[in-house]
Structure formats: structure tokens, C-alpha cells
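Shared between the two complexes below is chain A, which pairs with chain B and chain C, respectively.
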Partner chain A sequence: MSTTLTKPEMSAHGEWVSEPLRRDVGAELPDWYQQIQADSWHNFLETPEPVRKDENWRFADLKKIRFERINPVGSLNEQGSFVERFRSNRVDSAIGHCLFANGHLIESDFSQLPDDVIACEINEALANHSELVKEHFMQDPARLGSQKFAALHGASTLCGVFIHVPKNVVIDGVIEIHHVNSGENTGIFPHTLIVAEANSKVSVFENFETAGKGDSPITVGMVDLDARDGGKIQYASFQNNGPNARHMQINASRVGRDSAVKNCFVNLGSMWVRNEAVSRMMEPGADSQMFSANLANGTEEYDQRTLQLHEAQHTTSDLLYKNALYDDARTIFSGLIQVGKGAHHTDSYQTCRNMLGSDTAEANAMPGLEIDADQVKCSHGSTSGPISEEEIFYLMARGIPAERARRMISLGFLNEVIQRLEGDDVKEFIFGKVEAKFRAI
Partner chain B sequence: MSLKIDNLHASVEDIEILKGLTLEIPKGEVHAIMGPNGSGKSTLSKVIAGHEDYEVTEGSVTIDGEDILEMEIDERSRAGLFLAFQYPHEVPGVSNANFIRAALQSRLPDGEEIDAVAYYKDLYAKMDELEMDRKFTGRSVNEGFSGGEKKRNEILQMMMLEPKYCIMDETDSGLDIDALRVVAKGVNAMRSPDRGFLVITHYQRLLDYIVPDVVHVLYDGKIVKSGEKDLALELEEKGYDWVKTELAAA
Partner chain C sequence: MSQDQATLDAVTIDDSGDFSFPEDYQHDAGTGLNEATLDYISDIKKEDDWIRDFRKKALKIFNDKPMPTHWASKDLENIKFQDIRYYLSQGQKPTRSWDEVPDDVKQTFERLGIPEKERKFLAGVEAQFDSEAAYSNVKEELEKQGVIFVNSTEGLREHPEIFRKWFGKVIPTGDNKFSALNSAVFSGGSFIYVPPGVKVAHPLQAYFRINAENFGQFERTLIIVDEGAEVTYMEGCTAPKFETATLHSAVVELVAMKDAKIQYITVQNWSNNVFNLVTKRGLAHENAEIRWIDCNIGSRLTMKYPGVIMKGRKARGEVISIALANDGQHQDTGAKMIHAADETTSNVVSKSISVGKGRSTYRGQVHIPKHLKGCKNNTECDALLINTNSRTDTYPAITVRGNKHATQHEASVSQVSEDQIFYMQQRGLSEAEAMSLSVNGFINDLAREFPMEYSVELKRLIDLEMEGSVG
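And then the complex of A and B:
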């Protein structure tokens, strides 16, 4: 009897990409940016893939990101259907919007925004507002584990929007950035850069979906939020991709004096999601609110890593992440509050709550706290458990059938997060989608 | 036409709490049950509502001749039973208005929708009666409500659902006198020949406001004494030990 020796299974993954995923964007990109692209490509090649023994990837199922190949998006030839889809699936009352399909800008309308607001496609901004973009673009390196992803992002052709709100301009209403993606393992690199100058205010809603159920885009998005001197930004990301998509977002908030940034992630789709969020409270009076509502089922894995960084005195932050899990879904929450040296009078909270809708769902939570200052109020904690039987009893005692009672309670569980957003239109849109997914479970 | 409890035995974790309780509340009447702590008052309300922690080992509960022990919790409610909870639960993220609406919706046949305009008009009118602020429609069910607000909210649900039989489990606990008066006003407005009430209480005070037709004394899982409303006063005066002594003598 002869034995056939097989090679030990090498890491089954390929090299992600063999060259930067770039295409002509029809704009002349500034030198400093081309340098970032070149440096990022170098970093991408140098940076090893995540390994599980890295604390930042603890509990993660790395098989989900062993990319054989990340494909270029290619050209776009069915624009009509994307536009149609967008029209039927958007926040109708948005004061400005733009639509991307596989990273290509399909349409945009920012005409209703106040005159001195800059809102335009990111490559256009790089070309036309080079200095302004440079001041805010990727100022904070990825620091929660996704360096390789961030490098790939920096090296690739981006899609997305640059919004600059000048001093004292308050934008009433929400700006929607909508992405419809398709294809097989197509690499999409959205970059949203929002700057709120003194006493200005802006709210942005970014919406991700796939064109079809079978599509499997790999999105590596980055968001820079920069609010200063009383500026206010609300950024809400809503992800409702098909079941084969993989979705990563790396968000960095820089919060200046008396400024406030709200950063919210809502996830309903994708087989794998990783949301990293870093908030830096850089000057007194800075306030950061970070929240997330997620409904995971099937074998979906949602991986959440956060950092609340208090760098100055008298700053506040509040984090609330909620996960409702069904079937064999997994979530990982790892959050750290870091109160830096001298950041006295910090007020900081962090809560992760997981509602387990099945015996096989798995919620991991790793809350953390490091304090190097005095007169600090901080709390952190996490809870995981099934839906309360007493709550179900209460609803049923009013005539509501068990199934419906469970759904109402679970929906309410996530709604508590949704209600923290501003803007009834955004809240209603997200609530409706969450409700629809609950119905389908 | 009545809520009829016959020889009811019920246990929790194999400990028998109700030991052959028999009681009939005809429509149009208000019956009060008084009893010392541990006599089985709250068990009775939970068993009738169908809480899963309680096992019925013997006896029956019917409303208008229909056996409800075979029904699911929600079916009992839709059949016309209402339990006002001693400790109403909080349901975060579910607005009070949507909660009550879902309860009403569950009573409609499939495909039929509640008329939202009429619903809110009705809801607001009843909230006014209970002196409840409109803000309670948008707030999460019972979340952050005071004790009195929670109890008013129970009565609001009762008024909206218009049940045939109402069981009020220590509705007076945690209420100050003003709240008690408002709650009682709501209950009294609902008294009708088509509705029966079972008011469970530890104290006689509530019965000054909701005057019962019959008072029963529950002791050790059974009704040991029944009488007219004066029985409540006598109990208040002599204390539950009086009943215990009488029983021991018998």
C-alpha cells in the first residue's frame, strides 16, 4: 500500500492583491496624496496579515478574511438599475445626496446645501481642495489592528465624499451617501471626510448595500470626522449588504474644544463585519458619542473594536453598543477607555449589551479602562443574556402572541440605540430596515 | 356569566401555594381578596394569567364557561382577561403607544389594521381621564416611570383593551393618596354590568376608593372567609391574626 504525501495545508489565502487597485478618476491628484498612495502600498506589502494571537484580533475568525484575491471593480455598465434601486431605498428627505455604484459616482445633488459648504466627491476634492483635504485626511493612523487594511485603503482608488462646513453654518437635514456594490470579491474603498468648523453642524448618513444577494464585495472604508470649536458632526453608517459581502470600516474622530461627534454603526448584513472606531477628545469640552446597533443571524460575524481617548481635561464620552444575535452568529466587542495623563475631570462611559436569541449564538465582550488622571468619572461594563421571559410574559398578558412579543422586545432593544440619533427621517429609515430583518429571521 | 375558579391547586417548584381555591366573580361585581403576606395572593393572579413558573395540579378556571387553563397567555388576554401587574415590567425601546396598539392589533382578524387616527384620539382621551401627560405615549413602556405612573399605565391599558374580567394585583402598593384616587377613578369608571373585577390587596385602604360587593379572605392558599364590604374594615381593625385564631378554633 502506498501512501500519497500531501503537502501540509499552507495558509490557503492568496496575496489579496498583486498591485494597487487604481483606476483613472479623471482628476489630477496632488503630489502629497500620490505619495500617501505610494507609502501605503509599501506599508501594505510590509504589514503582515492579522493573526489571532494579536490581542486586537482575539476571538476573530480569521478564515473569513483569508482573501484569495480582491478584484478590481472594472467598468460599470448597468447604471440604470443602480439608480432605480437607490431611489427606492433612500432617505427621501435628505438635503443632499450622492450615489456610488462599485465606487463610481453615478449621481449627486448637493445644490440645496448652503453656498459656502464644500461637498463633493473625494477625488474631486483632492484635486480642487488639495490643501484643505490634506489638513484632515487620514491624520490618525489605524491603531486597533487593521493597519494592513488601512494601508490597502490608502493605496487604492477611493470613492466617497468630502464635506467641509464653514464656521457658524448649521446644515438642517441629513446628507446621504449611498453605495450599491456588486461583483465577486470586488474591492471597494469608500472614504468619507467630514470637517465641522467653529459652531457649525452637519449630519451624514452613509448607506451600504449590495446589488444582488450573490454579490460579494469587500469593502474597506475609512471615515475621518473632525469637529472643532463648537462644531458638531453626526455620522451614521448603515450596512445592509447581502450575505456574501465582507465589510470593514475604520473611523477616526478628532473632537476639539466644546465640539461633539456622534459616530454610529448599524449592521444588518454581510458575512463578516469589522468596525473600528477611535475617538480622540483633544481639547476641553470635547464630547464623543459612539453607538452601534447590530442584528446578526446565520453565521454572520460582527467584530467591534473601540477606543475612547481622553487627551484633555473636562472631556466626556459615552459608548453604547448593542448586538442582537440569532442562529450561529458571533459578535466580538473590545473597547477601551483611556484617560491620558492630566485629562482630569473626564466623564466617560462604555456599555456593550448582547441579546442572545439562540443557544448557539456567541457574544464576546472585552471592556477595558485605563486611567492616568484625577477626578475622573468612568464606568464600563457588558451584559449578555437571552430575552427576558418576564418581559415576554408582560406582552403576552396583553394579548400579543409570543412570536410577535419576542420581535417587539428585540426590536426595542436595538431601537434604544437608534433613538439616540438625531433626525426623524434617519431614525425611521433605519428602524424600518431593522424591523424588516427581524421579520425575516 | 362569570370568572369561575374551582378547587384550584397550584405549585411553584413543587411547593403547593394554592390549595383548593374556589371563587366565582359574576359580571357586574367587584370582589376583593385580602390576605396576609404569603397567603397566595400574587400566585393566584399569575396562575390565572398563565405564568409558566406556576403549575396547576388540580381544579379549573373558566371565563363565561370557557376553560382558560388550556389557553396560552396571550389567548387568555384576548378571551377577555386582564391582569394589572403589581410590578409592571419595563420594555426598553418599545414606545407605550406602540405597545398598546400592538395589543389592540392582536385582537383584530388577520389583514385588518387599526385606524391610527381613531386610536390616538381614544388613547389621548383615556390618558386625560387618568391625568397622564401625553409624553407617556412616546416613552418606552414603564421605563423610568415612577411607581404611580406605572400603575396608571396599567389602568390605561385596561381601559384601552376593555376586558371582561379584570384582576388587579395589589394595585395600591407604592401609590400615594393622589395617585390612588386617580387610579380608583379609572377603575370605577369601568365598572359595568358587563365586567367583573377581582381586586387583590393587602390593605383595606384601596377598598375605600374601589368599593367591593364581596370581600374574601385568602389564607394558606384557600378562601377561608367571605362577606360584604364591612369584612374589610373588620380585618383592618382586628388584623389577620383574628382570622388565624378563628380558624384554629374551628
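And then the complex of A and C:
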């Protein structure tokens, strides 16, 4: 990180923003965080935009991130009707929930959570639980190509939730974080920070949508998941934005001794999506599961990069990413299993499956392995192909019309991922939305 | 003491089977690379102006292109291009009969263990000693069939009407930095033409060797197999050990016309100071088949990704690859399969073994563009790690457009199971023998793809490499 005092030059490719997108959050932000914001802004200016030759951006259509301008979010009018409209579109049985509109917290209800659990808006947490947040906040640098985006995120005003689950507390049920965004090229910076202490358990569902079809927010979200000493976290991100939105999420999981983290992305909307997920298995017994179900049509481009980082002995990880592609959609999957020196007895898997439903869809897969240890079991697999004609024939022979047979098989294809989640309410919610999008295709 | 005895005495043999002969070169372009070097090579070879221009253009591209270190090993930066000898030869035209071959060259072949008897059965032996073919003998029967089997200089000079059309077309000069380097300074290699319908019964072979300090070998091979014809080509190489790094950068182009079949077999066992940066690609027309069978055991750094462009309907491409990386070695190998027509199929099977501090890497590219139908690819790569500090990487890239194709890729990494070793030791095998048996089992199904004498050699080489790796 550079410490030069001279004012850095502007990016050669044009300015995304000329100053950090900040607003008054009505809370006193701690000095260490203000320092992070300042450093991040500096890094943002210093870091060049991704270029085609960058391996982390291989196959990506860089035109999709030539942002003319990222606009600050405006004030919110008609908040009342806003809430009414979107209140209905959430997991009803959630044990806690909150709603953000363009990064403003509209309402939240965490009253049913056990008393000693901390669950609050991130800026409030920065003010009131400064030390606790500091310990876990953005501890891992973005490694998979999006350093510039992460820096922009760090420099801007965040929205989102901090959840801290103390030792031995098991939260039964899911906490929902709901984001509704609108506007033209509006920059939204959600940050979710979840800490599961020893033998605790928590499940979080984050739900992104746009207010209207024409809205084109640019979301640059980050998620920090930290599970230690038998702690368990399930985090599922569900993105169903309108067709003009651009959505980016950079997730970092730190998995400690005998802990488990599940990280799931479901993408149905947005013109461009970039998901980066890094799981660090830091102590023996750590287990990471990463999965993703994506249904891409139109000219959508879903670009997903993952890293399974085994740093200690006796750790396990599994990854399953599935893409169903239609029309001119493109998907990119780049995954790497990295088994570090001395991380013996690692057990690691990685699978990417692409189902191509049109003649012009394009699936790119780059499954990778880097093994530097002994007594390792690692494998990866990737397949791309259409729905098997035999399967359709089988269903048709049983009286199911071809169109419906296709839909059933496609739905079943993505459902394999959805079923890996815990919590029937979350699974049903996602399944219903996926089914609805299939109907529309 | 006779001359022969003196030569024999000068042969240095160490325990790993490396040896060398005193250097006695009649032509030497000196070290370093500039236009004068190219002129020197062209003058010696009495080349046409178009080749001279081709070389000079290539040099410019080579100088302009950056090192591909943004994805490849940083070890490439250790190549000192100005310290390399770019041309060296015995100075004679390729000798035609066995009697004319210099004794010390014959001696070298002796050490390689090619039995005299076997040579009679091999269709033609193109033995490249350093950059010029020292021995070139195409059997009469092949000549009768109209098969042309010459070195690159002779090919371009005597048969331009056949070779010029495809020369530098499958692998353009600017394909990568090292194909540009080869295009600038190439010498030696084999140019083969097989006329329509001719099925060459015996494999064509070229043994070539590096035998001078700091001396790079830049052979150029172009094989054109006309409609319905078939050929198998084999190259095997070993190299004596040197103090400073040697660069080997070949370009191999294959052209299979309609219904033709080419099988290209390589056993690479350069010494551990050689940079082996090779570009190999085949162009398969309608219903043609190109198979690369590739085995990499030697060198310091090998970067080699044989490719097939399937240009005609129902063309087939295949890469079968075995890599063994020992201490100080990096085997960076893989395959490129470019599907450019309907119903084309490709298959990649790669197995690598990392021993000691060795590192093996698989890089693959499979590309199926839009509006094609019925393309299929299968890729399998398996890696075996022998010691705790061995390393292996896999980086495939698969692009599929459209819904009328099927691709699958699988890779796995594993160890030799302790149970297996224990079981074999119970039955009286030493740990090293058990390990060796296990490793040979791992590659057995691929080793069978090699011709018999090669698979025997392969097994011996693996045994040699595995020695002392256990414990």
C-alpha cells in the first residue's frame, strides 16, 4: 500500500466518481474506520481499472464496467408506499428482518433474537460496538481482481447489518436483510458482517431487488463471515434486480477450528453480476461450502470467481456452482482450490455445471487447482451441455409436453443447489422466484 | 591412441546417464541475436529472400512481444537471450547414408540405445545432431510412395510448392513470443509430405539432441498429410548436462487434409537446465484426426500446450500427456482444442507426477464458438503428488457457446496411498520399488498409447526419476 503524500493521478479510463460517495449517517464513526475510508479512497484512485490481460478478468466483458458516472443516492420520497410494496416480498417466517431502500434503513425488527445477540445497522455498530467491529471488518483484502471496487466500497458510506452471535447461542430461523434500490447509476455499498462465536449458529438471507424495471443501481457489496471454534454460519445472497442493474459482491469467509460456513449466491437479474468469494480454512476442522445457482437470460453476464484457501491441516471444502443459460447470456466461472504448504489432509472439491438452453448462450469455465501439500484429496469437474434429449423424451413419453419437461428439468437442475441450503422457508422463497423466472423465459 | 579412443575418453558419463562429446563445430553464428545473426543463418543455408524476410519480420515481433509472465512462470525472466548461440551446425549437407555419418554422432546414438537391427525396421531415421540433420535416410520404399521426408532447409529449398503454402500458417509468427523467436532463427526439424491415400506403415522418427553449451535448438517441423493418408511421427530427445541454461524452442505444425490421420509422439527428456518452450499445433480438415502423444520428463521449465484446430466437419483432436516433475523442474503442459466446425470432437487426457520439489501444471483451453452443433470435448487431468513439498496446479479454461454441444472436464489430485505401499512391502518389495510400481500403474493406461519401445523407455526413465524420492 502506497503512503505517498502527493495527490494521486485520476484513473486514465475516466472517473467513476470524483469524490467518495458519503453522507451523514447520524452516528459518530470511530477514528480507525475514518482512517480506513481515507486509505480506501487513496487506494481507489491509485488502483487501475481492470484490463483484459488480467487473468482475474479473463473472458469478462470489460465494457460492462466502463461506468460513465456513479451517482450518489438521492433522498427518498414516498417512503410509506415503498415499504408497503416490498414488505410482501420477503421470507415471512424470518426471525429478524430489516429493509434498506437505496442504502437507507427504512425499518428493522430484531426483537425476537436472543438477548445477547447483537444485530444492528452497520453504521450504528461502528459507533456503538467499535472494537468488536474493528476486529472483523474488512480483514481480508479483495484477492480476485476487484481491488478497485473494494477500495471504492471502503471509501463510501455503507449500509447493511452487523450480526454478532455470542458463544453457545443458536439462532433458530433466518435473519433477512432486504435491499430495494432505485435510480440511475446510483452507487449502493451494502456491507454485511457476521460473527459466530464458539458453538453458535446463525443463518442470514440477503435479498436484493430494484424498485422498478428501469432502475440501474450499481451495487458494490462486501460480506465478511467469521466463524470460530465450532461456530456455524449460513449466508445466502439472493439477487433479483431489474435488467439494467449492475451487481457486485465480494465475500470473504474466515473459518476457524471445527467451524462451518456456507456461502450461497443466487442470481436471477441484473445486466452484469460479479461475485467473488474467498473461503479461508484457517484452523483444523474448518469446513467451507460454497454454492451458487444462476439463471441467466437476455444479454446478462454473470461473472463468478472463487478461491478455496486451505491454510491448515485437516480442513474440508466443497463448491457447487450451477448456471442455466438462455438467449445471449454469458457466464464465467473461475474457481481455484489452493492448498497451502503444510495443509496436509485437505479434502476439497469444486464443481461447475452449465446448462445451455440456446444456441447463442456462452459458458466459460476455469476450474483451477494449486496443491502444495501432502495427503490431499482434491478434485474438480466442469461440464457444459444442453438438456439431454433422452430426459425430455422420457418425460414426454409420460404425457408431459416438451416445453414443460424442459422447464421441469431446468428447475431440477438449479434446485440441487437450493436444496443444499438449510431452512425450508428460505428454500421455498428462492425456489418460487426461480420458478417464476423460468416461466417468464 | 586412436582418434576414436580419444573421443571415447572424452565422453563424460555420470550416474544419471548424461554424457557429452567434445564440441567441434564448423559453423557457429556466435552468441546473441540481431539481424546479422539471421543473415548469417540465411547465407549458410542459401535461403530465398522470402525466408530471409520472414526471419527478419519474426525477429521484430519477437523483440516487440513482452514475456508472458502475467500468467506464466517468472522463471522465464532467467533466460539470457544474448548469451545464447542461435546457429551451429556440422556444416555439411544432410548425409544420406549411414557410412557418411560422423563416428561421434553414431556413438551418441549408440548411447541412446537404438539397436542397429531396429533401425532397419524404422521407416526413416532423421537424426538431428544439433541444429542440422546429421543423418537423413528415407527408405526407398517411402520414396517410391512419394513421401517427402527432409529437413526444414531442404524442404523449403527443394519443395517450396508443397511446403510454402502451409509454412507458418497453422502457427503464425506472432502467435507467441517463442514462436516468433523460432520463426526468426529456425534450423533443422523435419518437413514431411505424405501424398493422398498413402498409409505410412512404419513410424517416422527423428532423434535430436542438444550438444553444446548455451546452445539453443530451434527446429521447425511441418507435416502435411494429404487426403486419406496416414502417418505416425516420433521424436525423442535426451541431452547431456551443462552448466548454464539452454533454450529449446521448437515450432511444430501439422496439417491433416480430409480423412487424413496424424499421430505425433514425443518423449522429452532434456537435462535439468533446459528451457523447453515449444509451440505445437495441428490443423484438422474434414473427418481428419490429429493425436498428440506427449511425454515430458526432463528440462528445467517446459511450457508446451499442443493444440488442434478442428476446421472441418467431424474432425477429431486428441492430446495424451504424461508429465513428471522432479526437484528443480516445472512441467507446465496442457492442451488447446479449438472447435471450428460442426460435429468435431476432442479428447484430452493428462497425467502428471510431482516428485520432491517438482511442480507440474496443467493449462487447458477448450473453445466451442457460436452456431456450431454437435461438438464434444472430454478433458481429464489427474495429478499424483509423491512428497510433502511436491506441487501441482490445474488451470483449464472452457468456453462453450450454444446448446448443441457437450463438454466435460475433470481433475483430481491424490497421493500414492500408504495402504498400497504397505501392502506391497508386506510382500517383500522395498518401499522404492513399491512406489515405482504404483507410479507406473498410475500412468499405465497412457503409457500403453506409446509405441512399445517408447513405453519401455518411459518405464525405465520413471524408475530412474523415482530413485531416492521415497523417505
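The rule we apply is simple: the second predicted complex is superposed on the first by the 427 of 441 C-alpha atoms of A that agree within 3 Å, B and C clash if a C-alpha of one lies under 4 Å from a C-alpha of the other, contacts with A are read in each partner's own complex, and residues count from 1 in each chain.
As a working rule, a residue touches a chain if its C-beta (ideal position, glycine included) is under 8 Å from a C-beta of that chain, and two chains touch if they have at least 3 such contacts.
A quick note: this is a predicted structure, and the numbers were derived from the prediction, not measured.
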Contact breadth on chain A, by residue count: chain C or chain B: C
Touching partner for A:391 - first (chain B), second (chain C), both, neither: first
Touching partner for A:401 - first (chain B), second (chain C), both, neither: first
Contacts of A:106 with chain B and chain C, given as first, second, both or neither: neither
Partner chain in contact with A:363 - chain B first, chain C second, else both or neither: second
Contacts of A:415 with chain B and chain C, given as first, second, both or neither: first
Which of chain B and chain C A:382 touches, first, second, both or neither: second
Chain B versus chain C as contact partner of A:117, first or second or both or neither: neither
Overlap of the chain B and chain C footprints on chain A, listed as residue numbers: none
Chain B-facing residues of chain A, complex: 388-391, 393-402, 404-405, 408-409, 411-416, 419
Residues of chain A touching chain C in the complex: 53-55, 58-59, 341, 344, 354, 356-387
Touching residues on chain B, where the partner in the complex is chain A: 49-52, 72-74, 76-78, 83, 85, 88-94, 98-100, 102-103, 106-107, 140, 157, 161
Chain A partner contacts - residues on chain C that touch it in the complex: 70-71, 370-371, 383, 385, 387-415
